[in-house]
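So that you can tell them apart, the chains are marked A, B, C, D and E in the order they are listed, and the count of residues begins at 1 in each.
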Amino acid sequence: MNAADVVAIPYTWVLALSAALFAIGTLGVLLRRNAIAIFLSLEIMLNSANLAFAAFAFRFATGHATAAAAIDGQVFIFFVIAVAAAEAAIGLALFIALYRHKETIDVDRFNILRW
Amino acid sequence: MVTWVFLAAAALAILFAVVAVVARNPITNVLALVVMFFAMSAVFAVIGMDFLAAIQVIVYSGAILVLFLFVIMLLNVRRIDRLGSGRSFQAFIGTLVAAGIGAMVLVIVGLLLPEQGAVLPGAAAAGTALPIGRALLSTHLFAFEFITLLLVAAIVGAVYLGKKDLR
Amino acid sequence: MSDHVLTIVLLAPAAFAILLLPIPRVWKRVHRILTIIASSVMFAFSLKLWVGFDANDPGFQFVDTFPWIPDLGISFTIGIDGISILLVLLTTLLLPVVVLAAWRLNIEHIKSLHISLLLLTTGMIGTFVALDLFLFYVFWEITLIPMYFIIGVWGGPRRIYASVKFFLFTMAGSVLMLVGVLYLVWFHHQQTGIWTYGYLDLMTTAPLLPVTGGLLAPGLLVFAAFAIAFAVKVPIFPLHTWLPDAHVEAPSTGSVILAGVLLKMGAYGFIRFNRALLPDAWDLFTPLLVVLAVIGIIYGALVAMVQVDVKKLVAYSSVSHMGFVMLGLAAGTQASTQGAVLQMVNHGLSTGGLFLLVGMLYQRRYTRMIADFGGLAGVIPIFTGCFLFVTFSSIGLPGLNGFVGEFLILGGSWSVFPAAVVCGGLGIILGAVYMLLMVQKVFWGPLDNPANQNLPDLSIREFFVMFPLLVLIVWIGVYPMTFLSPMEAAIRLLLAN
Amino acid sequence: MLTPSPADLLAVAPEIILAVAAGLVLIVEAFLPSVRKHLSELTLAAVGCALWARITLPLPGAVWSDTLHIDGLASFVDIYILVAVFLTVWMAGPFLRRVGADHGEFYSLLLFATVGAMVMAASVNLLTIFLGLELLSIPLYVLNAFLRRTAISLEAGLKYFVVGAFASAFVVYGMALLYGATATMNIVEIGQRVVDAGALNPLTAVGLAMVVGGLAFKLALVPCHAWAPDVYQGSPTPVTAFLSVVPKGAALIVLLRLAVGMDLLQVSSRWVIGISIVAVASQVLGNVIAIVQRDVKRMLAYSGIAHMGYALVAVLVAGPEGGTAVLVYFAAYTLMNMGAFAAIALLSEREDRPHLIDDLKGQGYHRPVAALTLTACLFSLAGVPPFLGFTAKFMVFRAAVNEGFVLLAVIGVLNSLLSAFYYLRVIYTLYMEPLPEREPRLEPSLPTAAVATVAALGVLVLGTFPGPVIDAAASAILSLVR
Amino acid sequence: MILGSLWLIPALCLAGALVNLALGAARAPKSMVTVVGVGSVGAATAAGYAALWEYLNQPIGVVIEPYFTWISAGRITVDASLQLDPLSAVMVAFVTLVGLLIHLYSVGYMHGESHRGYARYFAYLNLFMFSMLLLVLGSNLLVLFVGWEGVGLCSYLLIGYYYAKPGCAAAGSKAFIVNRIGDVGFLIAVFVTLGVFGSVEYSRIFATAAAHPEQYAAAATVIGLLLLVGAIGKSAQIPLFVWLPDAMAGPTPVSALIHAATMVTAGVYMVVRANVFYRLSPTAMLTVAIVGGVTALFAATIGLVQNDIKKVLAYSTVSQLGYMFLAAGVGAFVTAIFHVVTHAFFKACLFLGSGSVIHACDGEQDMREMGGLRRHMPTTYWTFFAATLAIAGIPLFAGFFSKDEILARAFAAGAGDLNGFGRIYIALWVLGMVAALLTAFYMFRALYLTFRGDYRGDAEKERHLHESPRTMTVPLIVLGVLSIIGGFAGFPGQLFGISGLNLIDRFLEPVIVPLGSAAAHGVEAASDHGTHGLTLGVEWLLVFLSVAVAVVGILIARRFYLAPDAFAAPRRLAERLPFISMLLLNKYWIDELYGAMIIGPIYRFATFCWRVVDELIIDTIFINGSAFAVELTGDILRFTTTGNVRNYALSVALAILALAMWLW
């Protein structure tokens, strides 16, 4: 759809959404024990960050700053997604290795190293 | 109208984010995440970032989460721990912290509320692929080249960790 | 003097230590011979300082300066005045003595022992000659490492505890000194806009540090920062408890250096830095110093009196003797200060000698318990003679060195702190008590312990170990002016401000 | 302009060299079995070239449309990072052979991580900083877990990964907020905005907090430190060495760039207080817990926490003196830690067992080189002259005193006294304890010994003549503050 | 030519000492040692008398020979210099003479010793002569102090000569330590002197003080009292006399030389030397007198019941020294020196006699095991008898003249109400008289128990009884003769209206420096020789009184120990006064008292300092305690690293939240 003829919603709403998602993600990381679940929550956090970028980029695009600034934000999102992919690859590989070794990916079970 | 779309997407995103975090069957988690990502791309679209909306769907839902599914299948993890099970103290403080962080950002948002977003001038079609592509190949050329290293490194590492021992 | 005599004296030991490195450690004899020769030569060379020293010049002589860290105003500047020259020579003298003393020691790692000794020597000399506070601090700390090893590797059963205690005590004192130095330098920069760690430069501004305004006045804090560092080394009650442990556990080689030179570093620091840089604060602290000094004198003597281990007794006697030194410095009259500096040398000779003798005794019997001995005089008369001689020097018999120092200290302090002098007199009495009772239990009386039946008497080598000390003991006792006159001018200048 | 200018490429030549080498290693391993034995040499050559390039090439300053600043600061850090990598690779060869894990991936990943660190150190753009951070982290996740059959190694990898990813999520969010607050990604401009505003507005403050938190994780500063001991202990020793040095250098520089750029010392008194607290907490906690550690690597992890506490004081002071102190500290810390870990690698019998201090009993005269180098490095870490560690601490405390933070200096020196406590324990275990009956079977390794010796000598020589290092640091910092 | 290089006199002895030490180390034959030992002292004696002769034949009153600056720092300057004046001349004269004789005696007495022991003995003895001569020749307080400590050292070494014998070493240490107490007093006196006069040279300080009496009166009191402390230590006066009896553990010749004739009189010498101060300070002088008088009686009472012949002599020495202090205390400084000399003669004679006896009864010292030795060793007996008469104060014997003059002067001081302390002086005179009585008694008791009656030891020993060799008897005879005629040097001519017969008085006159403005001072009157404000009648009365006292003492002794029922009487007396006899037998429990009151507490406190303050409080609680506290903290805090990665993540989040809130 063409964005030209729409009245934009306040960027702060988007920001609020990202805040909520970020909180949810954090909650997940801190409260789940299964590595994959944790990692999913991490993805949520990254995405919320993306939303934040988007929100600000949206704001700057609407005349509060240069267009370049607005673009920067979106570029950042682009890269975050790429990084997320990379992290996913590594993380999942790591989980597999862990699972091979210990038959579980419950992070609470990995505490040989402590004190 | 836009407003409603946004609100709906937002509600959807939050809802399924919660599901992704709470659900105890990994498959559910992943699928919930997929929905959430779709919602997000909707949001992107609403604020006129078509390109992002696109890659959000393609890369995330299309690639990353599939990867997740594969892994889950591979390790056939069925039921996993309940949210906050185990260490109750960790859960308690964790909840507080998460809430705190969220609240903090929300408060900031509150502070920012006064100045509202204005009409998005059609001329500045910021979100389309063209300007982003330009930026990627000019201002952010280095990052653009650099990300390849990142991905290669990730592949190398993943391969190493994933492969069975050669000798 | 542009021919860098002092620099050579300072760096020669370290350089030689590096030369020893490639020599295989199994060639113990080679190490011994090389080291003894080298150290003797170094001593002989260091006499050039004595010869070329102008006693009438109160300032620093043989000054050498090389840029080191110019941006920070740190330079390698060294020089000696009438105060430091004696201590430097004492150090260079003691090195060959202890090396010769350790000659027959059947211990492992001779090579590293010698290397440690040589590095230690450089560190100690550096402490005495540094004219740059950064340099001083570096040398001050450097001495820790070799001493730590000497105590810890070649020491007695509780050596680890002792060595760590020694290291941490000293470091605990000196770390604060570092902040003190930094503050002085910063203050100098405030005053003059110049970054410098030069002793003579800081001397111009440091006295301006405010000492009024309660206990937190910068002057007082900086003074304390320095004083604590030195007080630990001296040592001053109640910071002295590392000393007995260190002395008892250390091999006699280490004890001799420790008592002979290391303790002097503390007293030297007091006079060179606290007194010269912060005279106002010094005046405020004098009463405290006097009290602590007197406590040290009497406390050390008392505790020495009830020791059962000869070495520990001598160690506590050091506490008492250094108390005299501190009293002399604190009284701050010309006579008392000169006496104090001379007493540093005396203590180095007599206590050093005592530790050497105790070490020889230990080599013969592998015990230091007073109870294990008795009636040795009949078995090893010449050894006994030497021991008596040094004993009487240490309890200040007129005609021997100890008396001159104590006399000047007490006589000089009398006009300022008569009460302290009276307590000092008490210390003199107690000194006779603990030393003579020890001698009585060890050397006199019936020879009741069969283990002591046939101990060998002083060997030629051991006699030559003791000889230089004995000569100096008599020399200083009979004609102290040789050593008093060079320091006269320097101390006069130092006390002037 | 779609293609980068030659100047741009030249500016990042070292990074390019390393990246190419990283790929090359894999190719060689895959297709040239004959050369497989010499991967480490190959890598060494590459690192050497990069080092040479970084030293000889001119420093153009702002390049790549002002996303990177290849300036004195960057090059100083790069040089020490490369030295660290060089030493790591040097000792890694025999180590990997010993533990039967000499795969090309190791070198490749190591080089990637290095590139990440270097880019991070050179970046002035949030985006590149973030990417550098990730390129630094992602290979490290793998390297920690590189001994795939060793439980502790895997566990180390997991822990570093979870906490790392979590922290980087915060970093991203923080960056988003900073970007939102200032409408730019260039930290110089961000700093300028803050300075103009003369205060931190909430958005900036929270964004800064999140970014700093992420960096604090990399620096293992209290309270983001807890991962360090576990990861240090679990990772293969060369990786630990790398981990203990390289990321910290990069993170320190970013932190410094932020602090100086925003002139936080003047702008925010709360920043001063907060950072002071973190610094002191890191020093105290690190030292106090290190005292009771029985595993050398773990002990060094805690000591590392403390050391970053000292360095943070310098960051806080900022300015020319603080900056110089940071750089000197990093230089010293690099050499000391590389030497220490190399020596530990020499003195450790098995990788999958904890490296107990008691296993070092009596090694002092049994393994003279290893013991001597370890001793030198430990004394240096303890901050005893004439070692470089003392010079570094001296610079930090000097900067602190000159800026009026006398109390911080006092706390710092007292902490280094505390640290002497446990360094001495290792040393006396080496020299003053008798050899146990069953003495550990250690196979000597020339390269590792060489690494240890080089580091120890560096620590000693540069400590005795610190002039050059200090000059270099002082002139390097001029590109940031003047 | 000796004059001008006085240093030769002590130096010779020092040389002897060093050579003998070397000989001892080399285990040289005794003959060589003898030659060196006796020879060096002989040479010193010769030199001394030569110097004396030269001195007498030249006009200068005081010959001062500065050699070099010994110590000089700030306001303290001390020269190493010797001086010869009448006082030191007299001292040199008798010290060298007696010393030489005793060296000779020792040759015989010590012949049984090992080579090394023999050499060591003579080395010490020579060293002693050196120190003693330094003491008397020194021209300032500090040189005196050098000798002062030197003789102390030799006394320590010689008391401990038989180091293997239990008790000897202890006695030596005791002697040195007790002396140290006095020495510190002396040192402080020196400091005060330095402070007040800026010098320690006799020539300076006494002249200055005498010139302005009022100005320096206060200082004089302080210095005088402090010096007295030193003298008390050295001369074994109350309360520091305890070391002297124990000192008898040394070889008898040593007791004779050091602990009777010379060293112990150093205190008297010093007091006389400093007479100016005492004359300026009535308080100080009175203190001297009291110390002397009390000691004289106190020691005499203990002497009554001693059975060890040397102990008797020791206590009598203490008591005689008391007389000397009494003399000085009443201003009769010259008389004090006079008594020093005569006492040196007869007491040396007595000790050597006892030595010869002990030598004969191979080591036996208990008089109850002796008796009837007169038959076996006549020479010893007769010389001992002469000396006993002398000490008892029988007219025309040496002791008579000096002691009688002391008592007379004491009485005079009382009668003349010296410094307004007349009563006290009279009391002291009474003490002196009683002491004289006791002296006569216990000395004759000793004489009778030893030489008269029948031998009480076992017959086996009796066969060995023999007269001592020539080297021992000759000194005995010489000293015996001296103790008969020695007194005539101070013949009280004024009793017969002839003045100027009192050689020693005339000779020592210049020592008593006239006090500048206080010429009319009572002290002056007392110090002037000859008539001391008493009429001839009173003088003679006193003479007869003291003679009578002496005779009474002798008769009692005769009744107790020579009568047919010998020993019964004293036993009865003891039974009648059990407490007193216990008191005396145990020497008033002085040693025990000191042990309980002073030494014990000090040791307990010292142990407390060591065990509690040092080891418990400082080391355990503070040092190790803080280390322990740190480790404990570490051991608690280490559990913050739980090992659970989610905790780590939480702490990161928490930290970021906190920082963000804070920076907000």
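Heads up, the rule we're going with is that a contact is a pair of C-beta atoms (placed from the backbone, for glycine too) under 8 Å apart; a residue touches a chain by one contact, two chains touch by 3 or more.
Everything numeric in this text was worked out from a predicted model, so none of it was measured.
Colleague: Taking contact as defined at the start, I'd like the list of chains shared as neighbours by subunit A and subunit E.
Modeller: B, D
Colleague: By the touch criterion stated at the start, how many steps lie between subunit B and subunit C on the shortest route?
Modeller: Contact-graph shortest path, subunit B to subunit C, evaluates to 2.
Colleague: Would you kindly count the fewest steps from subunit C to subunit E, each step being a jump to a chain that touches the current one?
Modeller: Minimum number of steps from subunit C to subunit E: 1.
Colleague: Taking each chain's centre as the average of its Cα atoms, which is closest to the average over all protein Cα atoms shown?
Modeller: Chain nearest the centroid of all protein C-alpha atoms: C.
Colleague: In terms of CA centroid distance, which chain is the most far removed from subunit D?
Modeller: E
Colleague: Which chain has its C-alpha centroid farthest away from the centroid of subunit A?
Modeller: E
Colleague: So using the touch definition from the top, which pair is joined by more C-beta contacts, D-E or A-B?
Modeller: A-B
Colleague: Please compute the C-alpha centroid of subunit B, do the same for subunit D, then give the distance between them in whole Å.
Modeller: Computed from C-alpha means, the inter-chain centre distance equals 31 Å.
Colleague: How far is the middle of subunit A from the middle of subunit D, if each middle is the mean of its Cα atoms, in Å?
Modeller: 27
Colleague: Counting only Cα atoms for the centres, state how far subunit C is from subunit D in Å.
Modeller: Each chain's C-alpha centroid was found; their separation is 42 Å.
Colleague: How many angstrom lie between the centres of subunit B and subunit E, each centre taken as the mean Cα position?
Modeller: Distance between chain centres, rounded to whole Å: 105 Å.
Colleague: Please set out, as single numbers or ranges, the residues of subunit C touching at least two other chains.
Modeller: Within subunit C, no residue touches at least two other chains.
Colleague: Which subunit E residues reach two or more other chains?
Modeller: Residues 638, 641-647, 649-650, 653-654, 656, 660 of subunit E touch two or more partner chains.
Colleague: Subunit A: which residues touch two or more other chains?
Modeller: 15, 18, 22, 25-26, 29-30, 33, 38-39, 55, 59, 72, 75, 79, 83, 86-87, 90, 93-94, 97, 107-108, 110-114
Colleague: Of all possible chain pairs, which ones touch?
Modeller: A-B, A-D, A-E, B-D, B-E, C-D, C-E, D-E
Colleague: Using the touch rule from the top, collect the residues of subunit E that touch subunit B in their complex.
Modeller: Result: residues 644, 646-647, 650, 653-654, 656-657, 660-661 of subunit E touch subunit B.
Colleague: Okay, in this complex, where on subunit D does subunit B touch?
Modeller: Residues in contact with subunit B: 1-2, 4, 8, 12, 19, 22-23, 26, 64-65, 67-68, 103, 105, 108-109, 112-113, 115-116, 119, 125, 127-128, 131-132, 134-135, 138-139, 141-142, 145-146, 148-149, 177, 202-203, 206.
Colleague: What part of subunit E is in contact with subunit C in the complex they form?
Modeller: Touch list, subunit E to subunit C: 21, 25, 68-76, 116, 142, 145-146, 149-150, 153, 156, 160, 163-164, 166, 168-170, 172-173, 176-177, 180-181, 183-184, 187-188, 190-192, 194-195, 602-603, 605-607, 609-610, 613-614, 618-619, 623.
Colleague: Subunit D touches which residues of subunit B in the complex?
Modeller: For this pair, the touching residues of subunit B are 104-105, 107-108, 111-112, 137-143, 145-147, 149-150, 152-154, 156-161, 165.
Colleague: Which subunit C residues qualify as touching subunit E in the complex?
Modeller: The contact residues of subunit C facing subunit E are 165, 238, 241, 244, 299, 302-303, 305-307, 333-336, 338-339, 375, 377-378, 381-382, 385, 392, 397-399, 403-404, 407-408, 410-412, 414-415, 421-422, 425-426, 428-429, 432-433, 436-437, 439-440, 443-447, 478-481, 484, 488.
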